[in-house]
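Shared between the two complexes below is subunit A, which has subunit B as its partner in the first and subunit C in the second.
Moving on, here comes the complex of A and B:
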């Protein structure tokens, strides 16, 4: 570090972090996982161009077909092309994944900052977070969706809420250990205003743990969306999502396992990539840590 | 500080947590945009139906009055009546308790019995192929949806090999054989993520103590390797492992909902999903409250257990 005012967010520091990440085995894992995530994102974004069929078009003459050159992943009970549906389904999953990550990290950051910095609020906020963590994520999400209706927005909020406490706890822990560091003391004594103090001196130290937790939140959000859709309490079955395709495959799984297998394969690949990315980032930023997620 | 004060302090600390859960569950219905009675009954409900729902949930009273009466009922374990069947919710829960409890207990015992030795082994043989394999398994376990694992195992063991029933539940009163043959697949499915979680934590906790002086001393005085690992190292690594067994319950409860749906088990998870489909709000409320209370209670017991039985912990 070049000096106490240097922050992790400044450009040269960020570049050196990035370049140190891209070396050796870590670099390979990061390269591969990021490539997988971008590939799936690109395929989903380009779904209108790539999909051979309309994902909603019914075709009663071609129901429950196995995989073939015509239908790469077969067709479902209404003759809809599963490959096209998987391509379009990726859009919802990724929107939910990215949206929940941004929302959970943003909200958790604010809550953690307040909790770690203003000791008066800490006890109350942390009990609320404990309470949120005590409610099983799927039950909580299911209850919210049941009441507010199954739109993409509701599902997003329902998936985000159970993720917030973990983010908030991590941020709080970082702030608690940073706030008494000499460079923060120095900044405070020299009269730095609270806003600037947080932005320049406290928030930068949360970036690394938030990157790690963000990857886990992304993985977990996509998984929860699939579970909700699978249970029939997620996004409306009219919209193709990976969970919805698998949910419709339940009835036919011994006849046409592909209806569950193909979406599950892509889904697991994305979640696996995000989890591995999180693990590599965690090992990189905290080499002492060998433990599981918080 | 005498032990009893410490125990009381820990018990009291759960009160604000459960209070928040109760307030949250209470407000969830009231703060949802729109008329809660319409949210429950649907758009086509008649004025009469709406009035009945409002009366059943006392939605026609001031918010504070509603809350106080509701809390008074909850404390007496009265969760109100189901809007669909009219039966008391506590009765519905009691009816559905056995399958869920059975699967959960089989899962927890099986997971701990598999995961802890696996974690010890991987820490002992750190860097070996078995270690790498176990780490890969745990990342995979976190990444494949529970229901996908369920269908893969059903296809293999119930449909192709015909060793086990495809779905359903047999109570213990029908004998141990039928009970286990029905319980084993759902429990294995649920165990995957739980084993991944516990094995990972056991490995990490063991790695933290395995290079300590007391482990070397135990070896030097001639302890056998299993004794060194299990009597000396594992006992000192127990706290984080026990903790993750407790916090992992949250994952387990979410998993139960999915597993019961796949295996068609008449348990609490199915009760919840059915209630969600029918917007049977008293049941949903009660299920969140009860599962949160179980989670908080078990974590409290684990916490108390190791602070009371671990001589290193002073209060």
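Moving on, here comes the complex of A and C:
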């Protein structure tokens, strides 16, 4: 395997890490998972071109049709084409997934930095984070959506907030162990101001764990969005999302299981791919989990 | 004693070759031969990477087989060939016929098992003894390694013991089955000198009683002079020279051995430089620092790290702070650097107060005191190029980026590295080179005071000598005052004009190096000197010191404060 983590993420070294990730069994896993995620992203992005029907167009003459050449995944109770709706639903899921990941990682990074660096702030911030972590993510999200009203924006925020504490804790742990490292003390002695100190000497060591955690946040956010939609407290039911499609399919499950099966299959594939990618990244960056080495 | 006849060596290694696995596997050890007889101690000496630990691991059958393979030669223990022996056989031989003690006893002991149980486990696996007999054997061996109150030690966990006690436990565990061969891999390197002396004495006494053959691995020539019967010198995986202790130390035949011995600093103090300057570069007045630890139930435990320390240092001179671990010498350095705030007391640099500063004034002070850290592998940011690292401080104090980088290149030349080193990352350099980079960084802002905290302790002896030379050269050119913190009296004698001895946060003694090292009136200082291994031998001149000056008869028993 390649060298230790500490030498891994300097800018010139980033490429060599990527290339070392691409070899062996890890390379296969990474290739497959990234391919799945890219395929789903491309299908969703190109939905207007690929979708055979308008996902919102009602067609009362073609209700609850089974899979056929005309309707690949059948139609729903209003005669809308499920394949088109699944394609469009992917856009919401991916926007939520990417958006929640960026928001959670960004906010968590700032909170973790402040908490890890300023001892006085640490006690207060971490108790708030503990409180947030004590609440189940879905319950918290339901409460926030109920308070603020359902829209893509509020759902995004509602999904992001429960993810922040974990990110913040990870960053804080890295900062706590790095800030007493001799090279950080040497920089302080050199008169380095706090902003530059963080940017140059502290933040780089958080990149690897954040990459790993980010992939988990991505999977978790997509799942939470689907759950919220399924429960009917997420994005409004007239917008196609995987959760909404499944929610509507619930009543016709014995008649047309495809309404739940197809979105669920793609949802599972995306989450599985994101989690496996996270596991491979974690194994790569965590020297303790390397096999065959003391 | 085991079955070997008295003439046959206990351990006999012939032409041992160890290679990295793979097609173009590099040879790490080439045709090394050595033998150790019963009751004899062979010291295997060499710098890091010389292959001394590989030799011992191969003997114990502990080579990491995924990466390394034995390419040739034989290893015989009491006449039995170990190369190619089954895992099961090696397992049976370990601790019964050969055993090993390591540098860091904390990592070699199981932290969640009681000491007594850990030693008993050895007996449980390798003998048929009953419970009561096993207990008796454990008590007996713990008493033999001079541990106080063996019954209490049996019930203790490793973290409740001191470093020296843990190493005694390791020795007890290694010797409980009376093996014919003991391999000791740097067993005293992590210990303070006084503890080191006790452990070395113990190993020698036990060896005398039992006739154990000892393969003693060390990088420290002082320890060699204390304990060896014979010496084998390794360099870059090849045997350089082997012979009796007296022969190798007083009449080394090979250039490498001569260079190695010459690099060992003597305990003779250097001639002090003339005291020309009127002012002080650094003044410490009545520094106090207490670390408090409050227990869960409010039972506070306080450690007095600094107790009324007053010292001063003139420009262009070097003040050594020596002491054992826990003496407060590193806290002193951190307080001077404002990495810790002293509870009370005053620190002045060239007459200006530097304590209790914040914001801009703290930043301005920092360019006047710089520091070189102990571990060159952790004191440089692995992700930042060497040039940017050195240029960081000048840029912080307003120098344009290009100018600072040019300065960094000049400084690299000054510390003996090529100019293009600036473009590389720290991991491309050796420990000694990294320490040169750290020195270049420290002098980039032309400080008045340079604090060196154990700055050469992590380096091999020949590299150590070069880095010490560099400190002197820099000092001569810049007139910087150096506060040199070290546990090593040889290093202190080599570089310091004045020496301050610390113990338990207090200043035991402070004076010119010559006075402290040769005519100290303090018991503690004299005990430290007496404990320094090989203090009777002048390595660099290949002869014993003519007369050991201090009179050792009046020295108090260890443990009593001076």
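Quick note on the criterion: the second predicted complex is superposed on the first by the 277 of 294 C-alpha atoms of A that agree within 3 Å, B and C clash if a C-alpha of one lies under 4 Å from a C-alpha of the other, contacts with A are read in each partner's own complex, and residues count from 1 in each chain.
Just so it is clear, a contact is a pair of C-beta atoms (placed from the backbone, for glycine too) under 8 Å apart; a residue touches a chain by one contact, two chains touch by 3 or more.
Just so it is clear, the model here is predicted, and its values are computed rather than measured.
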item: Which superposed partner A:233 touches (first subunit B, second subunit C, both, neither); value: first
item: Contact breadth on subunit A, by residue count: subunit C or subunit B; value: B
item: Contacts of A:130 with subunit B and subunit C, given as first, second, both or neither; value: first
item: Which of subunit B and subunit C A:219 touches, first, second, both or neither; value: first
item: First, second, both or neither for A:194, with subunit B first and subunit C second; value: neither
item: Partner chain(s) touched by A:271 [first = subunit B, second = subunit C, both, neither]; value: first
item: Subunit B versus subunit C as contact partner of A:204, first or second or both or neither; value: second
item: First (subunit B), second (subunit C), both or neither touched by A:32; value: neither
item: Which superposed partner A:183 touches (first subunit B, second subunit C, both, neither); value: second
item: Touching partner for A:257 - first (subunit B), second (subunit C), both, neither; value: first
item: Subunit C-contacting residues of subunit A that also contact subunit B; value: 292
item: Touching residues (chain side subunit A, partner subunit B) in the complex; value: 127-128, 130-140, 142-148, 219, 223, 226-227, 230-233, 246, 250, 253-254, 257, 260, 264, 267-268, 271-272, 275-276, 279, 290-292
item: Complex contacts: residues of subunit B adjacent to subunit A; value: 16-21, 24-25, 28-29, 32-33, 36, 39, 139-140, 142-148, 151, 154-155, 159, 197, 200-201, 203-205, 207-208, 240, 244, 250, 253-254, 257-258, 261-262, 272-273, 276-277, 279, 281, 284-285, 287-288, 291-292, 295-296
item: Contact footprint of subunit C on subunit A as seen in their complex; value: 3, 6-7, 9-10, 13, 181-193, 196, 200-201, 204, 292, 294
item: List of subunit C residues in touch with subunit A within their complex; value: 64, 66, 337, 339, 363, 366-367, 369-371, 373-375, 378-384, 392-393, 396-397, 425, 427, 438, 441, 445
